[in-house]
Amino acid sequence: MLAGMDVLPRRGFLLASAAAAANVAIRLSAQQVSRESLVDDVVTANHVLAAQEIFDAFGHISVRTGPGAGRYLISRSVAPAQVIAADIMEMDLDSKPVGNEKRTSYRERFIHGEIYRVRPDVMSIVHCHAPSLIPFGITKVPLRPVYHNSSFVGEGIPVFEIREAGSDTNMLVETPELGKALAKSLGNKPAVLMRGHGAVIVGKNIVEAVARSVYLEVNARVQAQAMAMGQRVTYLDEGEVKKRSADPDPYGRAWDLWKRQATQGNR
Amino acid sequence: MLAGMDVLPRRGFLLASAAAAANVAIRLSAQQVSRESLVDDVVTANHVLAAQEIFDAFGHISVRTGPGAGRYLISRSVAPAQVIAADIMEMDLDSKPVGNEKRTSYRERFIHGEIYRVRPDVMSIVHCHAPSLIPFGITKVPLRPVYHNSSFVGEGIPVFEIREAGSDTNMLVETPELGKALAKSLGNKPAVLMRGHGAVIVGKNIVEAVARSVYLEVNARVQAQAMAMGQRVTYLDEGEVKKRSADPDPYGRAWDLWKRQATQGNR
Amino acid sequence: MLAGMDVLPRRGFLLASAAAAANVAIRLSAQQVSRESLVDDVVTANHVLAAQEIFDAFGHISVRTGPGAGRYLISRSVAPAQVIAADIMEMDLDSKPVGNEKRTSYRERFIHGEIYRVRPDVMSIVHCHAPSLIPFGITKVPLRPVYHNSSFVGEGIPVFEIREAGSDTNMLVETPELGKALAKSLGNKPAVLMRGHGAVIVGKNIVEAVARSVYLEVNARVQAQAMAMGQRVTYLDEGEVKKRSADPDPYGRAWDLWKRQATQGNR
Amino acid sequence: MLAGMDVLPRRGFLLASAAAAANVAIRLSAQQVSRESLVDDVVTANHVLAAQEIFDAFGHISVRTGPGAGRYLISRSVAPAQVIAADIMEMDLDSKPVGNEKRTSYRERFIHGEIYRVRPDVMSIVHCHAPSLIPFGITKVPLRPVYHNSSFVGEGIPVFEIREAGSDTNMLVETPELGKALAKSLGNKPAVLMRGHGAVIVGKNIVEAVARSVYLEVNARVQAQAMAMGQRVTYLDEGEVKKRSADPDPYGRAWDLWKRQATQGNR
């Protein structure tokens, strides 16, 4: 599992979206580097979320091309573990491919376009079907923060009921209208559960979107277990959530590990 | 885990059974190709279901040789993860080997023959013992649809009680009579649980049979967890089940991934 | 995971203990072969039970050297996954090493000697600490058969309470007296739970002892889940247990797979 | 998984901290060997705890440099699975790096320094976030000993409530004051849970700290399952805990295995 780890150099990971977020004037050449780096990040994030079992054969992640940009990058419609750089497409906020693109992305791509449209702070979006999350969407039990690495849960995780958005659906968010309804359910929160379906998790960069996806799932498992013990549960309080969420880079160490494991096939 | 994935070409997978289902006039050479392709599919499906932990050392999957055909392909009696092309046998609907075959297949092969006999729509059948399914067979709690990828559960998953079919059995469906009784329990449904034993899952092609097996198991785990939270559960409703089940190819992306992982030993 | 499986020949596995059980007159040379084969089996069984997570760093398995023999083979005191042929020692029924042996075996070796002494039908013994079994030893909930591959559970799985055998112990069966008390608790059953500690599983050959260990653990998980659903559970009845237990070789297919996975490092 | 295990030599593992504990007069050269060996142990322990899933991308382990020493070794701030020898730093009991060290260790390093300060018997400390432990910190259900390899739980596992130590924290023990409060909660016990965060586990050497971490987690899972069965649970009693804890080296066999698996990438 950790074979050969010791002899491999560890390289700092240049987070392109973070650099972009710094909002510096970017020269053309830097911009090209940034695009390549963003594509790499999307590929890596797909592999990381598959390795962490947040994705199975389904699920997708996107990244906005830059602060305030009306474009995002996402893979064409393949399983996350199989995504390669050549699969990444550029979409506008109507979730239509940019340029002469003939390939199609995921049917539920509207999740991404419609959230980017109304959440300028969001730079990356994950859509997953992690089984542990489902019970909290199909019952009235709200997800609440039980774990310091999941403190963002304390900001509130609403539930999207697709029946209220469109009667008689096939459960999929496959129209702009359903995407808008989902974005409205999400509001200004870090994630939204989708009843009988999964969740959407957002972040101010790709690392945050990925790590929140991982720790949302851990929170769900821990909370379910604690509630099953039949006693009052002490959740993180408002001050703890606020202070913990103020941490500028709580997940960098995790991303560094996950990226390397995904790249090298170690886990 | 994902080692080397990026540098390997991704090839579209020609689903032989889908081609056959199109019901075109097939020339002899095409038929030979189709047979080879069907055998490959059965081998792959065995490995996929082992990798997905739907099979352990036991379990089997078969495929009908063509639309309306009175023959099916299944492995001789070996553990699913070990099945190779040379193990695949052809059986008639009495579950007797065709031709001069001296080898024996699984003792419970009658499950396959008797279901193919009465379900012309069924092109592939899985029999498994996945532990998560057992509690729903030994209690009166019915499996109900909680997850969009398991929407077919909403069509109804009956339970086969072998005591009603034959008093004093060893639990195994090892006679044509028990096979017929099981097929009757299944009726026109996508799957049937077997009390204290496992389940049988059917599909209009091998991809559907495999994917339904995977997502039946996920549904069982999610439903059990949701029920344990002690509140009313919102299941997919009739309209959602119907609309979702109308999707012509909901699992293609999964099969493409699973096939590749099984072939390359990645997971 | 299954990489390269297709190109490797599958060889029938000659089960030495089964051959021995046939009770034929064995010539010296055959006896030597048999010993080598038995040693191989003990090594393989150690690796299989580690791979199946019945053993962690602890646990042991032994095999009697022949029908009616007053000797058994067991590893010296190392973790099961690390056992190699050179580690296998021969012990008498007092659990003392035979000959000039200077090495020591497990502290709880008396489990093996004392059971072989009073159970001539037993040819192989497993001692494990599988966590799923513990709840059934520390509560009054009896293990009952819920799964056809675990039908032997219906013969009854008693619980050994070490406090009744010796006041003020360190929980370990590390004396002949405690071994005798454990053997008495086991009686003529296929397994006995040890309160707050683990279980001992016996078999008429090494395959049965290994497979029963695997399926005892599955039964515990399934039964706990079914009971948690808060409804009456239908267990296998006496006739089903009896008929299923009459099967002369229910686990051969599993052993063939497990042996190969353990030998080749695939899983 | 076990590929190639048989052909590799097994070497006895020289536990440097045990040697040090023997409190012999150590010559300079021996001391240098010991330091190298201690560093190796810290690296290995990081990999072992990651492989055992006690650590995810977060968590840390330290070792005191010698009996009575006011120094300890710990990695700089990287994920445990990635730690290499060059990452190990030496800290004083104020958790300040010794010498000209420019790198920074974990933000919660004060956990280590403050416990070493008040617990001369402690030679190694683990801080982890294992999800199974969290429910016992956020409810009033105390961890109690259910498993012989977790007998130390019977010495008592207190819960650290950070709200009592400092109002309005971000949950992290990132000051000397919080470290002191945590050390006070721990008292003379083998471990302390941290509400909504994780746990700290201590040992008289690195093997004990690692193994206690592993078996504390097993105990939590087993206890939760047993309690869910809704019946009175029989815990290890005082005498059993005392006698079991008197064992001078209960975990050596486990360490030998884990170390080898971590070193060779087998698991």
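Labels A, B, C and D are assigned to the chains in the order they are written; within every chain, residues are numbered from 1.
Everything below uses one rule, namely that a residue touches a chain if its C-beta (ideal position, glycine included) is under 8 Å from a C-beta of that chain, and two chains touch if they have at least 3 such contacts.
A quick note: this is a predicted structure, and the numbers were derived from the prediction, not measured.
At the interface between chain A and chain D, two copies of one sequence, fewer than half of the residue numbers in use appear on both sides, so the contact is built from largely different positions.
Look at where the CA atoms of chain C average out and do the same for chain D: the two points lie 33 Å apart. Centroids built from CA atoms put chain C at 46 Å from chain A. Contact with two or more other chains is made by residues 228, 261, 266 of chain B. Taken chain by chain, the contacts form a single closed ring in which each chain touches exactly two others.
Here chain D touches chain A in the complex through residues 43, 47, 50-51, 56-58, 77-79, 81-82, 84-85, 129, 131-132, 134-135, 138-141, 163, 167-172, 195-198, 224, 227-228, 261-262, 264-267, going by the rule given at the top.
Those residues of chain B whose C-beta lies close enough to touch chain A in the complex are 1-6, 10, 145-149, 151, 218, 221-222, 225-226, 228-229, 231-237, 239-240, 243-244, 246-247, 251, 253-254, 256-258, 260-261, 266.
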